[in-house]
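Let me begin by handing over the structure; questions about it come next.
For clarity, chains are labelled A, B and C in written order, and residue numbers in each chain start from 1.
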Amino acid sequence: MTHERKPLGGKLLTKPFWVLLSLAMIAGLLLIKRFLFGIGAVTNLSDGYPWGIWIVYDVLVGTALGCGGYSIALLVYIFNKGEYHPLVRTALMTSVFGYTLAGVSIFIDIGRYWQMYNVFLPWHINVNSIMFEVAACIGAYVFVLWLEFSPTFMEKLNADKAKNKMNKVLFIFIALGVVLPTMHQSSLGSLMIIAGEKLSPIWQTSWLPLLFLLTAITMGYAIVIFESLFTAVALKRPLEETPILGKLSRIMIPLLVLFMLLRFGDLAWRGQLGNIFTNGLLGGFFVIENILFLIPIVMLASAKNRMKASTLFWSSGAMLLGGALYRFDTFLVAFNPGPGYHYFPSASEILITVGIVSVEIMAYLIFVKKLPVLPVVKTS
Amino acid sequence: MNLERRDFLKVLSAGALTAGNVTSVFADIRKTLSPNAVGILYDGTICIGCKACEAACKQYNDMPPESGSLEKAYGVNDIWDDTSDISEKTLNKIKLFEHGDASVRNREENGFAFVKRACMHCVDPDCVSACPVTALTKNETTGIVEYNKDACIGCRYCMVACPYNVPKFEYAKAIPEIVKCEMCGHRQVVGDIPACCEFCPTGASVFGKVTDLLKEAHKRIDLAVGSSYDYPMRNLDSGDTSPKTVASYINYIYGEREGGGTQYLLLSAIPFTKLGLPEVSETSSASKSEGLQHGIYKGMVAPIALLGGLLYGAYQTTKNENSEG
Amino acid sequence: MGKLMETNEALELSYSEELAAQGVSRRSFLKFCTAITAAMGLPASMVARVAETITSPKRTPVIWLHFQECTGCTESLLRTTHPTVEELVLDIISLDYSETLCAAAGHQVEKSLNDSAKANEGKYILVVEGSIPVKADGVYCKIAGRTALDILNDYGSRAAAIVAIGSCASWGGVQSSSPNPTGATGVHKIIKDKPVINLPGCPASPYNLLSTVLYYLTLGKLPQLDSKGRPKFAYGRLIHEHCERRPHFDAGRFALEFGDEGHREGYCLYKLGCKGPETYNNCSSILFGDVGSGAWPVGTGHPCVGCSEEGVGFTKFIHEQADVYTDTPPASHSGINSEKAGGITVGGAAAAGAVGGIIVGASVMAAKKMKTEASATESDA
């Protein structure tokens, strides 16, 4: 059941790495501006749109993309599907980055960051607040993720004793690592229930938590597939994981079908189906979302297709895009605070997000090259 | 195989517990008005748009001047009312509705009307429910929605939650705060009334107990159009009145039912939607959101059960793995 | 052109001698002409014609009747501080009858009234000061044994035009206040077949009378009137619109009671009951008494009582707040749904486009590689 892993090695400061580093430095300079002159100095946020891409991309989409660890852990440890074990460590690593940087993004985005610890002070917390649950859960989960990932460092440091001890109690963190994302990925959807009439009725529903949870889990599988294939190509490794990824991709279909049934059923129940056609632009976004969700359902239906790397790549890509768009729509596109308000991210805002993503990719490169993350390639 | 199946069932049962609570998901939690809650009744029909309330609000809340469209157009800055809406520097705002030649006041066609926007001080405020760190609170006696900057983390969820877009954020500051009308709580403590009511020259903004204000509002709606009525000035029971001709009121009190009711009530002679006031359902979004949250997390039974099941499952699998490895 | 100038000069010369005798310099005369032309709302090019009219030896006959009134309007006209203005006016018209000004009395003056009316049948201007009681056949006011109603009907029907000076003649004035025991009524309610120019005010601004008369004499026609028969040049705007305290109103700064700090600072008097927002008159622009700035009720710190406005003056309480009919200029009020910043910018669009392009590009390249690699493994097998 265990697999041999070792650091990839190789040169770290490649050309792409320099590009990423300069992007990160641009973002760093812009962040100095943000902390000196306020959020308004770098963003297009307004009183009507208090949340922009930092929250919607970096936090919502970012953590959904970081659901790989959660989704795979669910499969491997809870449903005891040992065959997916080789995917655990890479998935976990993406989760660690995704969530850590989401935490960093929150720190950048919130106005009174130096008081952030108030979320954990019992005399300050508000148990009625969805935001409290989200913040506390994400905070705790980032901690859990690093603990779950810690055996990797221990291997690197040859700390076998510590690793064995850790492995004994790891099951606690694995269980927590499933409960916490279940809680906050659903609550990320619940966040918008309080927006009431400001969110279009096509998206506004009491089922938001379940819809968000389903897409988050599905996106977790999709990111594992997408990332494995992409990095294999980018790092010039053989596509030897395709069969197991193909098998994994099958799980996405029932999840997506359930999501679609729930979504359309809810729309029909609330009598909002007609709204999709009368609601011009928003209707269009809704249709695009659903097409993106349909692509993996259709493309991955046959076993033969599931064995093709490019099919897996495109269908998981569509799933990620669909899940991301669903989050963007719920929090920005279909969110209308009233006439006169507009939001489109400013260049600085985008550059900061780009910088954060660059840091994520750089960290990935450092980790796979220096730590035993990727499985050893069997030379043929 | 057996083990796997048993674990699977365990996880399922934990999940079912979670799902089981969903039945109570749609039970709304409704909050009610405190008997001593205070509020403001704004009667748009007698407002003359003089902005005395805005000026007084600025003065008594030490709010900074604005720099907005006039600065952009003419290069003049620091004008006290150079803003198109309430903002992080302006807690209340008189807005003008105009149609056609705007010749007659309180008329929809070819007329004009004023409306004052400020915090509605909801009975069941969404912002208070949304705030993760209890920085926004509803005063138990007065019902004023108050802000505590020492608790606030600046997440701006209150702004997302508020159906009236009232909480404002100081985007231009490195050390920002949320800014909103707190009904001149600092003046009320020493026995004064909100500055906007104190300095309103016509009695368009009157202060009083919400229950009394509602009675007064209903009374005004029932008055004969064109008759003369002694409109109370400043405070509902100040005894000081000003006689005015009764306009043709819309038979609706904005704030009586919106989101479970508000403590800032509005009267008008033209439809409220024309004045830019949103249509808000009678139950607050907070009650829906809290109902859902408390349904799922009732006594934390479901998450703990789920965790229990998962702990068992994870223990079994990792135990195998450890022994194998 | 030259000829006209010559005549003008000749006329002025002869008249200037007269003026000089009265102690009026030519310069101050032309100044007066310019001011009065502006007050009528006429262009500066009309100054010469106004001067010409004033200096014309032809006098228009005027009959001035007093009914229920206080003679305040006459007094205010006579007591304008420029000593010769009223004389100028009295010189361009032939005031054939005025109870206040006629030296004669009794039958003698009645005869002069009758003679003038007969001689200038249909040509004279009738100025009416004071309201006309109509209750009990008008017995409440009698002159020379005739009721005011009778006199007005008699001379009104024979006049070219009627000027109702003051609020009393315009709409009843103070006597018409509830319960109006005498049935005090304005002129235009009684004389319907003749043009009636209302110059309300308590008293009416003397300049509004001068302007109206000069307008008629200069252009040979009546000035444009509003729906209440008032010359638009004088009553076209609300006092509120040109009030020197208006900026305080727009800024919401009000005197809350007489003598308070706001009152001393010159804040808006609206809250003390100023009727400026519902009273049409030009007091705020031309002021009173020719003594310069501040010489009008609001300027001295008293709220306008709306004396010239029917339904406001002597009807509403002085402390009662006015209805505000007009909004402030739209520029100083924000609309209901104002546009806010935060829209798409070129930089934002470019950055978003670049990110999208990179994602799509990288994906397509990766997929291509996958295909080639897959086909390679297939061919290997």
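Keep this in mind: contacts are C-beta pairs under 8 Å (C-beta built on N, C-alpha and C of every residue); 3 or more make two chains touch, one makes a residue touch a chain.
None of these values were measured; they are calculated from a predicted model.
Student: I want to compare two interfaces, B-C and A-B. Which one has more contacting C-beta pairs?
Tutor: A-B
Student: Find the most central chain, measuring centrality by the gap between its CA centroid and the centroid of all protein CA atoms shown.
Tutor: Looking at where each chain's C-alpha mean falls, the closest to the middle is B.
Student: How far is the middle of chain A from the middle of chain C, if each middle is the mean of its Cα atoms, in Å?
Tutor: Chain centres of chain A and chain C, defined by C-alpha means, are spaced 72 Å apart.
Student: What's the distance between the Cα centroids of chain B and chain C, rounded to whole Å?
Tutor: Distance between chain centres: 46 Å.
Student: Based only on mean CA positions, could you tell me how far chain A sits from chain B in angstrom?
Tutor: That gives a centre separation of 33 Å.
Student: Give the residues of chain C touching no fewer than two other chains, as numbers and ranges.
Tutor: Touching at least two other chains: 337-340.
Student: Quick check: what residues of chain B touch more than one other chain, meaning two or more?
Tutor: In chain B, 84-85, 276 touch at least two other chains.
Student: Two or more other chains touching the same residue: where does that happen in chain A?
Tutor: Within chain A, residues 45-48, 338-341 contact more than one other chain.
Student: Inside the complex, what are the residues of chain B that reach chain A?
Tutor: 3-4, 7-8, 11, 25-26, 84-85, 87-88, 126, 129-134, 149-157, 159-161, 163, 165, 168-178, 259, 276, 278-281, 284-286, 288-290, 292-294, 296-297, 303, 306-307, 310-311, 313-322, 324-325
Student: Note which residues of chain C are touching chain B in the complex, please.
Tutor: 249-254, 268, 270-271, 277, 317, 320-321, 323-325, 327-328, 330, 332-340
Student: Quick check on the complex: what are the chain A residues that touch chain C?
Tutor: Going by the criterion above, the answer is residues 44-49, 229-230, 233-234, 238-239, 308-310, 313-314, 317, 338-351, 354.
Student: Would you pull the chain B residues touching chain C in the complex into a rising list?
Tutor: Against chain C, the touching part of chain B is residues 48-56, 80-81, 83-85, 93-98, 102, 104-105, 112, 114-115, 199, 201-202, 242-245, 274-276.
Student: Give every residue of chain C touching chain A within the complex, in rising order.
Tutor: Counting only chain C, the residues touching chain A are 337-345, 347-352, 355, 362-363, 366-367, 369-371, 373-374, 377.
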